[in-house]
Amino acid sequence: MRIFSLAARRLAAALPALLIILAGLFLLLQLAPGDTVDALVAQMGGGDPSMIEQLRKHYALDQSTSVRLGDYLWRLVHLDLGQSAIYGKPVAAVILERLPATLLLMGSSLAIAFAAGMALGVVAARRVNRWPDTLISTLGLVFYATPSFWFGLMGIFVFAIYLGWLPAGGYSSVGAGLQGMAQVLDIAWHLVLPTLTLALIFLAIYLRIMRTSMLEVSNLDFVRTARAKGLTDTKVVTRHILRNALLPMVTLIGLQAGTMLGGSVVVESVFALPGLGRLAYESVVQRDLNTLLGVVFVSALLVIVINFIVDMLYARLDPRITAGR
Amino acid sequence: MSSAQNVSTAHATATKAVSTRDSILSLRGLTVELPPDADRRHALQNVSLDLEAGRILCVVGESGSGKSMTAGAILGLLPEHVNATAGEVFFQGRNLLALPDDELRSVRGAGIGMIFQEPMTALNPLRTIGDQIGEMFTTHTKLSKKEIEQRVLALLADVHLPSPEQAIRAYPHELSGGQRQRAMIAMALALEPAVLIADEPTTALDVTTQAQILHLIRDLQRRKGTAVLFITHDFGVVAEIADRVAVMQHGVLVEQGEVDAVLNHPVHPYTRALIAAVPPLLPPPARAVSQDIILDLQHVSKTYRSGGWRRRRVTHAVSDVSLSLPVGGTLGIVGESGSGKSTLARCIVRLLKIDQGQIDFQGVDLAKLGKRAQRTHTRDVQMVFQDPYGSLNPRKRVGELVAQGPIVHGVPREQAMARARELFELVGLDPQSLHRYPHEFSGGQRQRVGLARALALGPKILVADEPVSALDVSVQAQVLDLLARLRVQLGLSLLFITHDLRVAAQICDRIAVMKDGRVVETGTVAEVFGAPRHPYTQALLAAVPGRGWQPPAADRAAA
Amino acid sequence: MRDFLTRYRRNPAAVVGLFLLLGVIGLALTADLFFPRNPLSLAGRPLQWPFTNPNLWLGTDQTGRDIAAQIFHGARVSLVIGLIATVISIAIGVLVGALSGYYGGWLDDALMRVTEAFQILPNFLLLLVLVAVFGSTLPTVIVAIGVVSWPPAARLTRAEFMSLRNREFVEAGRTLGLRDARLIFQEILPNALPPVIVYASVIMSVAILLESALAFLNLSDPNVPSWGNLIGGGRGVLRVQWYVSAIPGVAILCTVLGVSLVGQGVNDALNPRLRHR
């Protein structure tokens, strides 16, 4: 219960930040050259002034900025994200359609990056400064320095074009009409390359943090105590070092949540996945500012929720947090 | 006997196996080398000592003496790249240095137990006490969970931890420092080892807690017949519990013998110098102090409020304190951690704002001054800090640091640097070294720089917050002497904050004892030390280790 | 200083990084020497393979522009973007962090809310928004990247200031009568900066990667020979002329690798006690 109230308090503390984001973005977008109506008109191929005037009225774009901001925030509270000019549907609906793909991509990337990063970091720390460590650390650094979109393209080239093992893009095999398990496997097949691409950079980060964390914890006093009790090296690592070293890693998940969402924009574009990231890109290009705002709002919410879960997890792992003194 | 003959006699005594009783742990010619880039070659050189069954051997030395390395070397717990290169460690007939890893592991904990200095960091913060003590049993025995729990409860009761059933499920941060150390002792003695190695286990504890832990160790040791290798830098502790003593300097064992012999008739010059530097608990004859008051604190209070929005947690750091400092006199403020003495010091130099009360300095209430007046008055009250490593900006040259104060107050640079040179001479530092950086000086020298800095503005009152607590005992004596000399030479009134009663006895004229933010007793040094009235003061004095021992005064003048 | 250089020299990874970085800088400096013409002008037939034409070492891209020229000039672009964006980032971050860490209280609360706002928002999305609003010219992109990257520097500076604020040498400064501004800039900042400076290499790596991602998506300045632009352009011909995308990617990889290794090397050389790890 303590854990929950603690995390809830942190959540409440994030609300002002959210407000700042939304207000800031809304005001920022007022500076954008051209608005929704301009985009619509451009799509329609031009229109006469009176019709443009009417459209503006329809979209309530003729009111003053502060009124519109208030109106916007009020509607947000009701989760009404407005209408998408391009898709002709409520923004909320469009976002909801695109959400699963992004969540799936992020979830699996995170899982792989964390698990592999943890494992490799432990190995590197155990064999510090010897060849496994040098190899792993160097690979990590190379992965970190690789632009994700480039890796994706090269991955497509090697595995899809050259070797033909994996699909070059898309979410599922079009027109195959697969159901149930077959469909799940098909989607999984399509997600292999994108997931690996997105996971790559974060794997490098987790690896480095885990290695550093393990090395730092190894030098703490209680590890010496554990050795003085006669525990074997393996036991010292598993029962004393590992759990303590994981703490910074858990924090990192929360900190990297936003970056991962950003990364998904690029990965989804490279692999033509129908996710939030690509939606954001499209709405920038097509000047659909409502949708862009909507995506940003949902992204921020997503990051806040992830941080909430991370806080709960951290409090579970570290009893000093709930001591709350 | 000449000094040189003393050395060789002591050395001969030290290297021979003198004891007639059975040795349960013997070090023979132990040599430990440091990695090539360290400041010296050897951590330990040719160290031979014997620990007899059922007795307490104290290994005493200053920092860098290698005493902690000795403990680490025995169990093979040396830091990376530090190795034992010669010698043997005999335990129950086997040479521990030659044992294969798994056999050495079975000795650790079961044959030889170990406790460390910092109980907070020596226990894993993420696991319960019961879990960690139980680990001793799971590693070395095949007892069932239930049996282990019974044993752990019994152990916790043995070390007098209140409510063992709660303690067993508690995490380290939920216990106090003293309680954590008790838990560590319980853990080390869980398997009834023949030897207990204690590496400065009470250094991080308060005086009263230290007394309890020392008592506990001695009590357990007698009951279970454990031999104890107790490492410390404090001769008072040695006087309190040791049966035998070994003195180390720079990795070499310089003297070894029964406690009576070494403490009261030390042979080696280094031992004699060390013992001479220990301040006796008996205060020197009182000197004449003026009746005029230069600083008068009236009902000073400082309260901290914390705990989120409603600020529920209230801590009375300083509560209704009234003290007076006579002109040219030294007022000592003694107390343990949490007594509020450091907070009070910072209130006096206005690093902290007080919530109530007055600080009267020659008719001016310092607490009520505006910003500008405050800056003028900083010249009158200055502070010397505790940490020689943290109190000097590592990126500034020492000359710069000392001259900074006057420069900020409008003194031209040339003049300020000249003053800095004078001050360096005054505090016993080479005036040519103004251009050096702090890291080029030793701890004691850095404290002198801090002193010079404080004196640069020509203050009338000097507040010294534990100025010698972080120094080795021989250096401590030098800095105290310096302070004593300067206060007379410059006519300073000194406010001396410390937790060390021996130090307070030597340098203070009057003493105020603080506990939980309040002053519980004041008086002249002779009154407070000779006939304490408040129960807390009595408890504090009773807790000073080795209070019954008077360091031989003969060599004090020579030292 | 000499110690620092010796320690740096002994670290093989750091030396490799230095060579890589110097190599990239070399490319940038000699770009005008080897390729005096506008790198975005037509140089020959499109899609020629590398090493087939002695005048065009690395071939041509899908519009017929010299790839090697774009690589050399692109080095200049990447380094400039990286440096300026990093400077902007650190300037904002250190200022916010210093004020926040030193004064605490309501100023800290307010500034931290703003920092959090920036950190909750995925920085690439914010970058997209800024580009959508303010356009894609190079100066705009550089400033946008700087604006998006300052929060970690702020947090780092704040943490340093909060720990240094209570150190005794700062207290000593206050008892001597030093004013706040002097304490912040002359006493604390020189001690707080080293970790931040080392972190600058991370910011620079991220800045270069961010710009190239933006360019890849055609949202950066198209009139600038950015490596990301090349990769994006080569996407359409990936099937056969994969080198158009591959080569600039390797260039980015080497640059970011060089910057990271140098940064890490500097960090390790400044903290010698970590050397034995």
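Read from first to last, the chains carry the letters A, B and C; within each, the first residue is number 1.
Following the convention adopted for this analysis, contacts are C-beta pairs under 8 Å (C-beta built on N, C-alpha and C of every residue); 3 or more make two chains touch, one makes a residue touch a chain.
Because the structure is predicted, anything quoted here is derived from the model rather than measured.
Asker: With chain centres set to the mean of the C-alpha atoms, which chain is at the far end from subunit C?
Answerer: Of all chains, B has its centre farthest from that of subunit C.
Asker: Could you compare the number of C-beta pairs in contact for A-B with that for B-C and name the larger?
Answerer: A-B
Asker: Indicate the whole-number Å distance between the mean C-alpha point of subunit A and the mean C-alpha point of subunit C.
Answerer: Computed value for the inter-centroid distance: 22 Å.
Asker: Report the inter-centroid distance (CA atoms only) between subunit A and subunit B in whole Å.
Answerer: 51
Asker: Take the average of all CA coordinates in subunit B, do the same for subunit C, and state the distance between these two points in whole angstrom.
Answerer: The separation of the two C-alpha centroids amounts to 48 Å.
Asker: Going by the contact rule set out above, which residues of subunit C touch subunit B in the complex?
Answerer: 167-169, 171-178, 182, 187, 190-191, 276
Asker: Mind listing the subunit C positions that touch subunit A in their complex?
Answerer: 13, 113-114, 116-117, 119-134, 205, 209, 212-213, 216-217, 219, 228, 231, 235, 238-239, 242, 245-246, 248-249, 252-254, 256-257, 260-261, 277
Asker: Mind pulling up the subunit A residues that touch subunit B in the complex?
Answerer: Checking each residue of subunit A against subunit B gives 220-222, 224-232, 235, 239-240, 243-244, 317-320, 323, 325.
Asker: Provide the residue numbers of subunit B that touch subunit C in the complex, in ascending order.
Answerer: Going through subunit B, the ones touching subunit C are 35, 80-81, 346, 349-351, 375, 378-379, 382-383, 385-387, 390-395, 404-405, 408-409, 450, 453, 457.
Asker: Any idea which subunit A residues touch subunit C in the complex?
Answerer: Touching subunit C from subunit A are residues 14, 16-18, 20-21, 24-25, 28-29, 31-32, 128-129, 138, 141-142, 144-151, 153-154, 156-157, 161, 215, 255, 258-263, 265-266, 269, 280-281, 284-285, 287, 289, 292, 295-296, 299-300, 303-304, 307.
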